[in-house]
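Note that subunit A is present in both complexes that follow, paired respectively with subunit B and with subunit C.
The block that comes next holds the complex of A and B.
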């Protein structure tokens, strides 16, 4: 579904991604774990066209999207749930969702998609006329996920959905991600909460200073000594 | 929900009609003149409100667009083409009906472009100028965008002030009326002031209708999302550059249309219309009305412009605008018409009445 080949990108003169290669097959949950500043968010922003790649290739459903503008990539079915949720505070919940379907012009599809979201997140339905900024963190994260689902994506990229949320809410969000997978969605999940991410993922990549250092099945990564030491806090336990 | 957004429009129309009836019956029809001018200034204000309040792009140069519209029509409808009558293009324009002939108060025949052509040219020129400057400056945000538009406004002001064709500091006067199919005449004639009043407000009502629909449409949502968070808007498929340019040119053209009719109404235009203080005043009015509140901006535009045009604010005009701006920013930064304000006033009144009962 998505394949990235020796991708390089960054901000100005700063090279953040130094040749990343990875791929995602349909129906998978793939997670990318790594420390702060490793380039996780930069990778997602480059795939979604917000940052331009300096070299390398991104292919989405056999279309080369490396030079596409962000809106065209969304239209193709590759949708990002940005880091820190980025809800539109001054728009109502309903408007936040509707703006997610900006690339869809058929109002019938938009309407049915809106109903799907309300079924998936009943909390949002209770608050359709409330301003986005007045929601709690967990609700905002649901709204952000709902908003990206409104574009009927084939691939959903989630950037640190657990940031700043209480453990109980995080559990909730991860259950939703599993549900999305069961509905046939493909998911790319970027997380600092490596343990939780690897538990629900099929495969995982470990990214360090802009390079993929490890890739394996998720349960294999969970058992991997290096990963345990670096990201899962095994040392600490001892 | 869907039709609710039009309700204030009926209120506006009722106010327009009642004010006219009141002034006619009380023999104070002269009051209509300032309210007509208010209508044309309101075009700038609602256009700026859409740009600033909804799309979040500040412009400290909107008076310049108003002046570009006004000066375009002023130049085209006063430039005497009689000496070049036999020029190929001029005679072609003449045979196409683009020109009209009149005799000025000194008995001199003047062949000039008809106001219709001037209006079209003004719209096109404003569109092109706003498009060309919009591409680079809309990449800027916040203070930087404010500075860039301020610079643009200053350039236009100096060009109008220094240009021979623009009449330098005197501006251009003796501008003919805008005759709309012989039904309506946009001019400053006392005999026509009622029809002028209605014509002006008709244009505002149409513009409001257009903007209200825009704000509540898919495009309007995209604009408001840009205001909230450009990065997020981009990530869900809104092209920020395209929408910003769209709303910038739209609001520039709307301001220019106001300028065109204002110029025909008052019969003259001076460089002061493009001044920075004018631009600041428009921004202040939008802020007082409550940035993302097009009705608030319109109402405050009517009230403040009316007071200022009637001369109630005296020579302290700009100072009073400054004071109002400071007070609003201190006490109710979301504008006078913030829903909460009405709520608290209503609660206050109700509690006084019902506690006693």
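The block that comes next holds the complex of A and C.
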């Protein structure tokens, strides 16, 4: 579904990604784990078109998207739930969701999708007329995921959905990610919370200073000594 | 002060207030899309007034005003295409400073195209001495035109921003550009649209106030200052608030004339602006929670 080949990108003269190659097949949850500053967010921002790739190739459903602007990439069905949620603070919950369906012109589909999201996140239904910025962190994350789902994406990329949330809410969000997979979605999950991410993922990549250093099945990574030492804490035992 | 006199002050307050309001509304459109304050807004009014005066020599008044609106809207779109779109750094502060430069540029251009003479459009109905008697006080029919057009603009804009998909997308861009792009909105086109729209509305305002305030190449600045004050007073981005703010400032100004020397008129309105910024920065009608969620 998505394939990235020797991708390089960064900010101005700063090279952050130094040749990343990876791929995602339909129906998978793939996770990318790595420390702060390893390039996880840069990778997602480059795939979604917010940052231009300096070299390398990104292919989504056999379309080369490396030079597409962000708004065109969403239209193809590749949607990013950005780091820090980035919801529209001054718009209501319902307006936030409707903006999410900007790429869909059929109002029937929008309506049914809106209902799907209210079923998935009942909290949002109670707050449709509340301003996005007044929601709690967990609710904002749900709104951000809901907004992304409104575009009926084929691939959902989640950037650190657990940041700053209480453990109970994190559990809730991860359950929703599993539910999304069961509904047939393909998911690329970037997380610092490596343990939680690997538990629900099918495969994982470990990224270090802009390069993929390890890739394997998720349960194999969970058992890997290096990964345990670096990302799961030394005392971590299966 | 007699009853008729008081009423006359009130009417003159409403006259000025609606002029300020119609000016202030233009600020809101660009603000609602980009979060920037367009300091060239006054020049859109000036251009609208000037071009409609020129066109009115060759065409009947309604057609002249319509043409002026179209020409100014094109100027607005060009400003975005040639300048704003090509800025390397799309930061808010950066764009605001650019609009200050554009305002000076447009003034100089107008000085060269026309000259420094003061002109004015003919009154839409009647002439400068015709007036309508309401309860013993007199009001120019042009004021009714200003109020009418102002109300239409406010109604249309309110519906547009609240209930149409395009209006909603424009507000989304102002709230968070990157998130808007991630939702598939072409933010650059939205900015073009907002400049076009606010230039068109500025031009309409400039034409309708021209018979009362008269038009000169540099008349935009003074109008823009008052319009800006009114937009802040009513809460930036809120068009109904701008009208209420305009009426409040207009009334206070004209009532101040009855007790203070005329020269203090502007001081009164600017003092109100300062007071609002100290006491209630979200504006009289801006919701506190909304303004806390905005950059400024």
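Operating definition for what follows: the second predicted complex is superposed on the first by the 234 of 238 C-alpha atoms of A that agree within 3 Å, B and C clash if a C-alpha of one lies under 4 Å from a C-alpha of the other, contacts with A are read in each partner's own complex, and residues count from 1 in each chain.
Rule of thumb we're sticking to: a residue touches a chain if its C-beta (ideal position, glycine included) is under 8 Å from a C-beta of that chain, and two chains touch if they have at least 3 such contacts.
Every value quoted in this text rests on a predicted model; they were computed, and no experiment measured them.
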* Put the two structures on top of each other at subunit A: do subunit B and subunit C fit, or clash? -> clash
* Asked: Between subunit B (first) and subunit C (second), which, if any, makes contact with A:94: first, second, both or neither?
  -> neither
* To do: Report for A:48: first if it touches subunit B alone, second if subunit C alone, otherwise both or neither.
  => both
* Touching A:86, do we find subunit B (first), subunit C (second), both, or neither? -> both
* Contacts of A:103 with subunit B and subunit C, given as first, second, both or neither -> both
* What is the contact status of A:151 with respect to subunit B (first) and subunit C (second): first, second, both, or neither? -> both
* Does the superposition put A:18 against subunit B (first), subunit C (second), both, or neither? -> neither
* To do: Give one of first, second, both or neither to describe whether A:70 is in contact with subunit B, with subunit C, with both, or with none.
  => both
* What is the contact status of A:131 with respect to subunit B (first) and subunit C (second): first, second, both, or neither? -> second
* Asked: So which bits of subunit A does subunit B touch that subunit C touches too?
  -> 48, 50, 69-71, 74-75, 79-80, 82, 86-91, 95, 98-100, 102-103, 147-148, 151
* Asked: How about subunit A: which of its residues touch subunit C in the complex?
  -> 48-50, 69-71, 74-75, 79-80, 82, 86-91, 95, 98-100, 102-103, 131, 133-134, 147-148, 151
* Structure fact -> subunit A contacts subunit B in the complex at 48, 50, 69-71, 74-75, 79-80, 82, 86-91, 95, 98-100, 102-103, 105, 147-148, 151
* Hey, which residues of subunit C end up touching subunit A in the complex? -> 165, 168-169, 171-172, 174-176, 178-187, 289-290, 292-294
* To do: Going by the contact rule at the top, pick out the subunit B residues touching subunit A in the complex.
  => 218, 221-222, 224-225, 227-229, 231-239, 292
